[in-house]
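Have a look at the structure below, then the notes.
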Amino acid sequence: MKRRHVRLVVALAVLALGGTLREASAQPRGTLTIGIPTDVTTLDPTMSPEVNSLNVAFSVMEPLLYLDPAGNVKPLLAESWQVVNDTTYLFKLRRGVTFHNGEPFTGKAVETSWKRSQEKQRANRQPFGSIGRIEHVDDYTIRIVTEKPDPTFLKKMANVAAAIFPPKFLAEQGDEGATQRPVGTGPFVFAEWVKGDHATFKANPKYYLPGVPKVQTLVWRFIPESAARVAALQTGQVDIALRIPPQQVAPLERDPNLKVSSALSTRTYYIAFNNLTTGKGTPIVDPRVRIAMNLGTDIQGIIKSIYAGNAQRVNSLIGNVQFGYDPTLLPMPYDPAKAKQLLAEAGVPSGFKVGLACPSGAYTNDKEACQAIAGSLQQIGIEVDVQIMESNHFWDLEAKKQLPPLFFDGVGDRYQDPDEPMKGILTPDSNWTAFDKKEFTDMIAKGGSTVDPEQRKKTYAQLARAMQADPPFIFLWQVKNFEGVRKRVQGYTTRPNESMGHLPFDVSVTD
Amino acid sequence: MTAYLLGRLGQSVLAVGCVLILVFFMVRLTGDPAVLMVSRDATAAEVDAFRTAMGFDRPWAVQFAEFLGRAVRGDFGRSLQYQSSAWGLIVERLPATLELAVAGLLFAVLVGVPLGILAATRPNSVWDALAQGVSLLAQALPAYWVGLVLIIVLSVKLGLLPVAGRSGFASLVMPMVTLGLGVLGRLTQLTRAVMLDVLHQDYVRTAHSKGLGPGAVHYRHALGNAAIPLVTLIGVNFGYMLGGAVLIESVFSWPGVGRLAAQAIFQRDFPLVQAVAFFASLVVVTVNLATDLAYGLLNPAVRRQ
Amino acid sequence: MTTGRRRGRRPIALRVAVGTSLVLGLVALALLASLVAPHPPNAQDLGRSQQPPAWLADGAWRNPLGTDQLGRDVLSRLIHGTRVSLIVGAGGVALALSLGLCVGLVAGYARGWVEELTMRLCDVQLALPYLLFVVAVIGVLGPSLANVVLVFGVADFPLFARMARGEVLRLQAAAFVEAAVATGSSQLRIVTRHVLPNMAAVLAVVSAFEMAAMILYEAGVGFLGLSVPPSVPSWGNMLADGRNYLTTSWWIATFPGLAILTATLGINLMGDWLRGR
């Protein structure tokens, strides 16, 4: 053989060997166990909007797109996409992907899954609400037309609610199969689900991306009691424990086998004012009274004592990690003297009595926060009657707008974008809205009807200022979400919206 | 005897029917599941559409008729949350529930009753004080606290037992002790009281005078009759353990029916609540039948004509 | 022939004295709470939240048993909470006992279909999931002390009914009752002079531990927001609140727990007196 050719062959051999070695070292190894705070009731992402159920489902199936930690949309089952115009998107699908049961992944699967997700009895159909038409272009190309311009559309398609099921599986096994033994294209394959105890998944050997997943077995343990979850982390029965209450964090920080990971949650808490039903005719109708109540609540003091400092004030209902958050707008200050002055101007110098409803056990330290807020308002003469209710009863009354003129609640946010949360708590369309002002409704509509990011940022900055001038809420805080991780786990980070979609790609275990 | 059993069967069917009717209306009184199930960012119109699609907005009479029609065939419908057979979900959890309830009961009986007898047969001794002290602590300590302390000591500090879930006998120990502790306390106290009472009754003294030794007196004559209130207590508590040990199941993440029931009630999962109520009523009528038969065995004079 | 005549025995008298004093002490605390407690029970002081009891570092005698997560004085809340806990415990048991005793006596004496009907009624109440019952009743009637007593009393009456009936069955067969029947005593006389006093032992013991149980149940429903409002301190509410702080500010839940233990002790010791021995 000519010398030149020999060198070429050797070079190629070395490359091939190196490639194989890389592949071999990327074999999934070990078992990762995660302790989650809810009892998962379904593995079908169309049937429950609850974040933990969705995370478990995420192990098995995937949507077309993927959100990276910075909130940018990346390709997953869609190889690439094109934004044709404000309302039209063209997705080019990845080829050569098969579902766990052998069915091929094609445009037909996307069509069937998304049409199914739009059915009216799907509890989690909301992400698909804006889709007008799904058009089949060819086997690997699909065109989506939205009814109106939707700035969060791509982010919605990265949510696991938009995951793709195999069509034959759906036809044969229906809802029951999708709930109990889901099949998808994901990095893990469903192994077993012992309800109330745990769900186990095994690495998918035929996954289309190399080196994914990094662990061989993934186990989700359902441990609703936070003290038990923490104990399970300390004994090593779980490797990652989610939602650790702030008062249980200190002993974990001292433990050499653990690290505490945290992120500011996207959930924003507020006290809502009702000017639609129970609040009509009461002093809170006057904007000065509502400004006074914002000025009269010692938010920083409450954060320090109830949350041990592990929360951050918000300047409006557009939260600190959301798109459109304006850091130049300061939160309303704590100024009880000014508050009393405003109350006097509004004609209630010696205060008044008002009811405040609070759910029990729905959120971290909700009861304590409500009582602390009542204590604060007492100092400026407002006598708050705190009514604590069982959470589901509370939400039932909230949806019927039968709660007292004040109530405590939090609004979550899956896409780190204010459009959905604002629509959900401040526009007349929604069940959860207790305050109606046309100016706010218009601004929210404006922010949600264009895809131009600069224009949207301007609108939301305006909205934040308008809300401070005529507050529909007492603006409270966002809470730090704590998670405990054992040292053997590598590459895990806490996401603000509690999503675990990054697990198969980033997380490995050493032993 | 057969006539009695048949009669009881008939009444039990009626009782179960009553429970199902009561539960049907009670659970609908507590609220609307549609609003709880749908994501918070859904509009009012979307929630209404969901409610209609699921059939919650039909008049109660219509829903009740449909429920009755299905219930007599043993079909409780699909759980709203799990989207699978409501009765099937309960059956799935039965082994875990039975395991815990039986273990807890055995623990309570095998420790509590002898302790109570010990206290009664050695009144005012150190044993009496010990038994009463244990009984008192067992009754008054909150289950949550006991469970947590056990977890901290036996799992976290000593690493002997697993914290959560069901995986063999090791995982059964702490839930069993925590569940049985309250009943243990009550059983000890009740056994002591009943034994003390009966030890001074006529027939014991008659037996004494017949020349039987003190040992036989304690364990044959006294126990038989004294057991009646004990059996009642055990029966009522066993029924509770089988259907409602929510707190223990939550603390130890034990996959039993109690947690399922609580979840169903709070989420207004009508079909599942109804299935749970049916299960609970079956348990109660069976246990009470067994208890009543036991009365007859323990004291022949009580037996029905 | 024994008819349950009480026998005085010195050690029992001491026990009963201790028990009665404890219970009377608690009742006194409940009545005189506003005079005895060092602070108003709902006075919040966020700057002093979660302070440990006075004898530990960081503690102060201003708050002898420490403060809770909102800075409220634990001792004052404990004293004021006596009222709610005693009412829930005593009221609930009184209701359950009265209902149960009536039903049980009727069942045990009437026999036949009346007995079966009443016992099946008990079965229905026992089979009703307790949580559903509480959520439905309190959800509809609203959370208040009276409603909590009502719910607990009704939920617990089957135990007393079954106990009472069981006792009636047992005693009907006892020698002294047969003797009384043979000598021609009226049914009423038999019931009041022979049966009831002999049932007292069992019912007293059951009442005692059900009372302790009800104080603990109150903690359970309190955590769900189905008990008395938070402006009304109760041992149950304090236990529920302190649940999350057991590993850090343990005093918030431990002192109410000790209070419950004390009350249970007192009631049980007093129960010995009712037992007649």
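Going by the order they are written in, the chains are A, B and C; count residues from 1 in each one.
Basically, contacts are C-beta pairs under 8 Å (C-beta built on N, C-alpha and C of every residue); 3 or more make two chains touch, one makes a residue touch a chain.
Model, not experiment: these values are computed from the prediction.
The innermost chain, defined by the distance from its C-alpha mean to the mean of all protein C-alpha atoms, is B. When C-beta pairs in contact are tallied for each pair of chains, B-C comes out on top.
Remark: subunit B and subunit C have CA centroids separated by 20 Å (rounded to whole angstrom).
Each chain gets a centre from the mean of its Cα atoms; for subunit A and subunit C, those two points are 45 Å apart.
Rounded to whole angstrom units, the spacing between the C-alpha centres of subunit A and subunit B is 38. Touching two or more other chains at once are residues 30-31, 148, 152, 266 of subunit B. Annotation for subunit C: residues touching 2 or more other chains are 135, 139, 246-247.
Each of residues 227, 390-391, 393 in subunit A touches at least two other chains.
For subunit B in complex with subunit A, the touching residues are 30-32, 35-47, 49-50, 52-54, 79, 81-84, 89, 92-93, 96, 148, 151-152, 155-156, 159, 162-166, 249-256, 259-260, 263, 266-268.
Against subunit B, the residues of subunit C that register as touching in their complex are 1-2, 11, 116, 119-120, 122-124, 126-133, 135-136, 139-140, 158-159, 162-163, 166-167, 169-170, 172-176, 198, 201-202, 204-206, 208-209, 212-213, 216, 219-220, 239, 243, 246-247, 253, 257, 260-261, 263-265, 268, 275, 277.
Partner subunit A is touched in their complex by these residues of subunit C: 44, 46-47, 49-50, 69-71, 135, 139, 143, 223-226, 229-231, 241, 244-249. On the side of subunit B, the complex with subunit C involves touching residues 7-8, 11-12, 14-16, 18-19, 22-23, 26-27, 29-31, 124, 132, 135-137, 139-145, 148, 152, 182, 185-186, 189-190, 193-194, 196-197, 200-203, 225, 228-229, 231-233, 235-236, 239-240, 243-244, 246-247, 261-262, 265-266, 273, 276-277, 280-281, 283-285, 288, 291-292, 295, 299, 301-302. Within the complex formed with subunit B, the subunit A residues making contact are 35, 39, 41-42, 44, 47-49, 119-121, 123-126, 129, 175-176, 179-180, 194-198, 221-225, 227-229, 231-232, 234-235, 237-238, 390-393, 395-396, 399, 411-412, 420-421, 423-424, 429-432.
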